[in-house]
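Both complexes shown next keep chain A, but they swap its partner, so chain B is in the first and chain C is in the second.
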Partner chain A sequence: MAARTLIVDNGAATIKFGFADEDTPYKTFANNITRSKAERKTFVGDQLETCKDFSGLYYRLPFEKGLLTSWDVEKQVWDRLFNGKIVPCEPSATTLLISEPILNLPNIATTYDQLVFEEYGFHSYTRMSAPQMAMYNEIPRLYGQKMTSGKKRVDCAVIVDSGYSFTHIIPFWKGKPILVGIRRINVGGKLLTNHLKEIISFRYWNMMDETYLVNEVKEACCYVSNKFWDELDICKKSPRANKILQHYVLPDYSSQQRGYVKGGSKSKQRGKKGKGPGKMDLDDIEAEINEADSEDEAYSDQGDNDSDEDMSEPNEDEQVLTMNNERFTVPEILFNPSDIGMDQAGIPEAIVDAISSCDEEIQGMLYANVVLIGGNARLPGFRKRVTNDLREIAPSEYDVRVGIDKDPFGYAWKGAKRLATMDEFASEFKNRLVTRAEYMETGSALCESRFRSAV
Partner chain B sequence: MSRKPERGTKAAPKVLDPEARRRQLRHHLDSLERDNFVALNEYEAIIATAAAAATAQGPISLTHTNLDPLGLLPPLSPAVGSIVGGVVGTVGPGAVLSPNNPGIISGGRTKKNQQLNIGAGGANSSNSNSGSNFNQTAIPTSAHGHRKPVLPRKPLNQLLDESGLVAQTFLQEQQQQDVVPNYLTANMGPSRYPQRNFCSVCGWKGVYRCNRCGMRYCDLRCQKTHNDTRCMKFTI
Partner chain C sequence: MAHIHKPFKRPGWHASKKTKNLKQIITADKAKEWKTNTPTYWNIEALPSMTPQKKYCDITGLEARYTDPKTRLRYHSTEVYQLIKNQPIGVVQQYLGLRNAAVVLK
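Up next is the complex of A and B:
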């Protein structure tokens, strides 16, 4: 049975997908239906790439608070993906590896099963959470080490998955999640973008309708600060002394599709004129993460503020958005949700809480193998900040190591690819799969038990 | 005989009580969970349409109090988000569900969602799922002749209720068994560190609080901006 394996990381914001047997990297597109008021068109999923004007986009998301509730929206997006419009996919000859939220509700999980088998008719499939997928990667590589010979997977690790809807801390033992140690912080990319929208709308321009644009601004300008109060004081200074201040040129959608940070050097500009929207600029992300880790001040990487000529030349056609302390106070919510009044602890505290609820013998190993994945992990300075904060509150007898991949966004997908292709995991993978025939006989309960117990 | 100066009949300056401030905070946190922003002037139009549709369907009147039986919604309500897009439940009332209060959660929230469902079903004819599929498990057949899966677009709170997790957690705690971790129990608890306060105007340290509404500011300039623009703006 030459069934191809299609790996789909079904996230609340984006879908990452690709065939396991191809060498090409995964592709991404938005997991929602958007309606553009300007163009009066509706875009399903990846059709957003054909959109010319991103102002005033109206979103319909299938996910609500991280769980898949609007199945009619999701089905429309999946129709495009599974019915061969984007990639040549023949469901009856395909094995599907799809991701679900952590601690998914059982009634939602059965709907996944129903849709995959009864609606699309996949040959076989398995469902796992994104951090579980990520566990199949070679995690010691993140710390500059090689995997111990003879072992195919680390014994234990803590995965911090900070995504669109929320952030989860999941300790793993021998590939299975330690359920009592799972913690969820209800802060994700969506909350950060909405918060940034509110602040900008109050202080500068009214951008409450411009979710897409503010998301781009967030990804271009925001970073995680390591010296919070010092940098807050720097922001109070005059523009000449204030290195943190940045100007973001807003796109006008007629001549220019994407905004950019003013004064940034060419290689660090996130947006180039006329560039297609929706493409992940992986080189830029890599450069920023690597540089931010090695330098003290993450903010100086995002656009040089030394070129004074750019700043003083006012271009009348441009609308410029000033980003000052918003650059780092917005991501600060991940570390202190109480900043906006949320009664939850931040990521470092949650990691300590999660690990403390696990067996004492493995706590040391867990602290030494913390991995950051998810979209928010792409913020410059994220890894350094988590390491510092965690070191402050973790027990002193344990070593603390926090690792992050060059591409934390697709790390889960890459792990799933290893699971599906590598021989070492072949038997595990086979044990996880539920074929359509089996489902038709027994039903959803079989899926539930097989996915939960298999490792 | 001295004449006392006539005291003007000035009303006492309105001060928000702590309950109102908590409501405002909750509303603000809910609004951060929204997918789309709805402006205030659209609100009236939508309520009018929904009310018209609702009265056509039955004796349910979508007055403000009906929309909000628990009295948790100030004017700029998250309920609007639900009606506008026809995506019922886009904005779930973002209460942190505690396993200790299952009764309150199911009773209050689903009732509100029910009313919103009916309103939205009428107002948005393209939205075929909300009105008719509500609480149904009809099984239409697909082209293959197999059971077509029902495509529910149920609000999250309803799904949470149906999953039985609230009841399960409650029972397990009652009987002092080990609670099986699930979506509800995984919620992270509060921090042990105190809250840091930021100025609501400029973002620096928010040392002072407005007497009337409780929002923070850092200096006199920010206080003036706050008083001019948004002190008490979002309250009834």
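Up next is the complex of A and C:
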């Protein structure tokens, strides 16, 4: 096939995209339109990088409750994405592999087809959910093992996709999702950011309008606690003895464009590097995950922050945000949604519930192949916490293995790339595709049946 | 955006109809007759948790040992209680709202 394959993981917050035949890793693109009050300008997707003042940013998101509903926003973002400068593509000679929410509604699915074929005129396309994409990865590698030779992929795994809107738990069997085992927890990165925003506004500064900034704070400071009550006790101590306490220096958008954590050398660098929004440094995250896993307490990953410099009197010019127990009580919502009055089980409990609704014969294999993906999986200590909690409540006869990639954020994209490039998957990939000519002949019904059956 | 040249788009094409908003989609989707036990986007929510709710101090976020019977605020220590004793009712409700426990009058 002469057509090049473009892989787009259309996440609710960030689009991960790249051509399958290129060796470069994926690129990211903010999936939203923002408006800056201070600059009186509208930014589509990556244009936000040119923004100088992130205060009072107003967001327009294409996704609502995990579903793509605001197509006018999405169209503007895609127009910019596909316009040749960012993705040098000729849609009529391009195969598109795009992600969609799991159990997408038929109405929305049809709109995908319409837009891809009628508006953009792609040569052929297929869509699948992000966890499905992740299934094409070499999952045994996450547990330090090699793929059994002669096998294309693992028979079964549970993918826990903790994204921006929701957290989904999806067991797979022979590459197909087990529908009765799918569970959703209505907690995602968006809810965490909003909750942190509210808490900060109650306790310290009013930041109700500063979504962008609070998200930066969350990414810099938050972690998943493995000894929750012990660490809560530490938070009561005086600042000198409290190792959890962090001081986040807020940017003033004149001399300082980005905030940073005081005292933590690594984080300081990260703040000053001035990366564009939505762009992430893979090395940083990798280091963070390794560090968090190797060390006993995830909170100490910012280095010694009870140094003298840290505790010195705050500089007159800088505004400091104190992050104490908020650092781990906010991500804790993923594990106990009841903390904020939600009547739902947390991730470990929901995994057990999902697995126990599957066939008993494969339950053992599912427990041994839990994979964490999505943006929230980047929180330090996440894997360890899921492992520990799951071990406590899973039946004792089963082994529990929880795997996480160095870059859980792009794991789905990488899986999709394997699907599109590897020879073993060639026929499977081909069976999934619908070409534009076929669509024009038969319409959306063909897409629906082919994307669902060819799994 | 309109004036930017878009070589990748077919110039003659226009969206035929407006896309529905979330509310319309949900109503239309729920009106359909699904077989019972078919997993759909709406019935895959995780079950309620079996573990008891943890109790935190509404003001400081620390472990809450006490509940103020008058306002239903949870608090950590007597010092915190001194603070919440004199809070006006609106503020108390906002604090409760943080954990979805506020009384909403309709």
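To be clear about the criterion, the second predicted complex is superposed on the first by the 439 of 455 C-alpha atoms of A that agree within 3 Å, B and C clash if a C-alpha of one lies under 4 Å from a C-alpha of the other, contacts with A are read in each partner's own complex, and residues count from 1 in each chain.
Rule of thumb we're sticking to: a contact is a pair of C-beta atoms (placed from the backbone, for glycine too) under 8 Å apart; a residue touches a chain by one contact, two chains touch by 3 or more.
Fair warning: this is a prediction, and the values are worked out from it, not measured in the lab.
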Chain A as common anchor, with chain B and chain C clashing or fitting: clash
Partner chain in contact with A:Y253 - chain B first, chain C second, else both or neither: neither
Touched partner set for A:K190, first chain B, second chain C, both or neither: first
First (chain B), second (chain C), both or neither touched by A:M208: first
Touching partner for A:I182 - first (chain B), second (chain C), both, neither: both
Chain B versus chain C as contact partner of A:E118, first or second or both or neither: both
Which superposed partner A:L61 touches (first chain B, second chain C, both, neither): first
Which superposed partner A:V44 touches (first chain B, second chain C, both, neither): second
First (chain B), second (chain C), both or neither touched by A:K236: both
Partner chain(s) touched by A:N83 [first = chain B, second = chain C, both, neither]: second
Residues of chain A that lie at the interface with chain B and also at the interface with chain C: 64-65, 67, 69, 71-72, 103-108, 111, 114, 118-119, 121, 179-180, 182-186, 198-199, 202-203, 232, 235-236, 324-326, 329, 336-346, 349-350, 353
Of all residues in chain B, those that touch chain A in their complex: 25, 28-29, 31-37, 39, 85, 87, 89-90, 92, 94, 96, 129, 142, 144, 146-149, 151-156, 159-160, 162-165, 180-183, 186-196, 198, 201-205, 229-230
Complex interface listing, chain A residues touching chain C: 44, 64-65, 67, 69, 71-72, 76, 79-80, 82-84, 89-91, 101, 103-108, 111, 114, 118-121, 169, 179-180, 182-186, 198-199, 202-203, 229, 232-233, 235-236, 324-326, 329, 336-346, 349-350, 353
Residue ranges of chain C touching chain A (in the complex, touch as defined): 1, 4, 6-10, 13, 15, 19-22, 25, 28-29, 37-41, 44-51, 53-54, 56, 59-63, 94-95, 98-101
Chain A - residues contacting chain B, complex: 58-61, 64-65, 67, 69-73, 75, 102-108, 111, 114-115, 118-119, 121, 168, 179-180, 182-186, 190-191, 194-195, 197-199, 202-203, 208-209, 211, 232, 235-236, 324-326, 329, 336-346, 349-350, 353
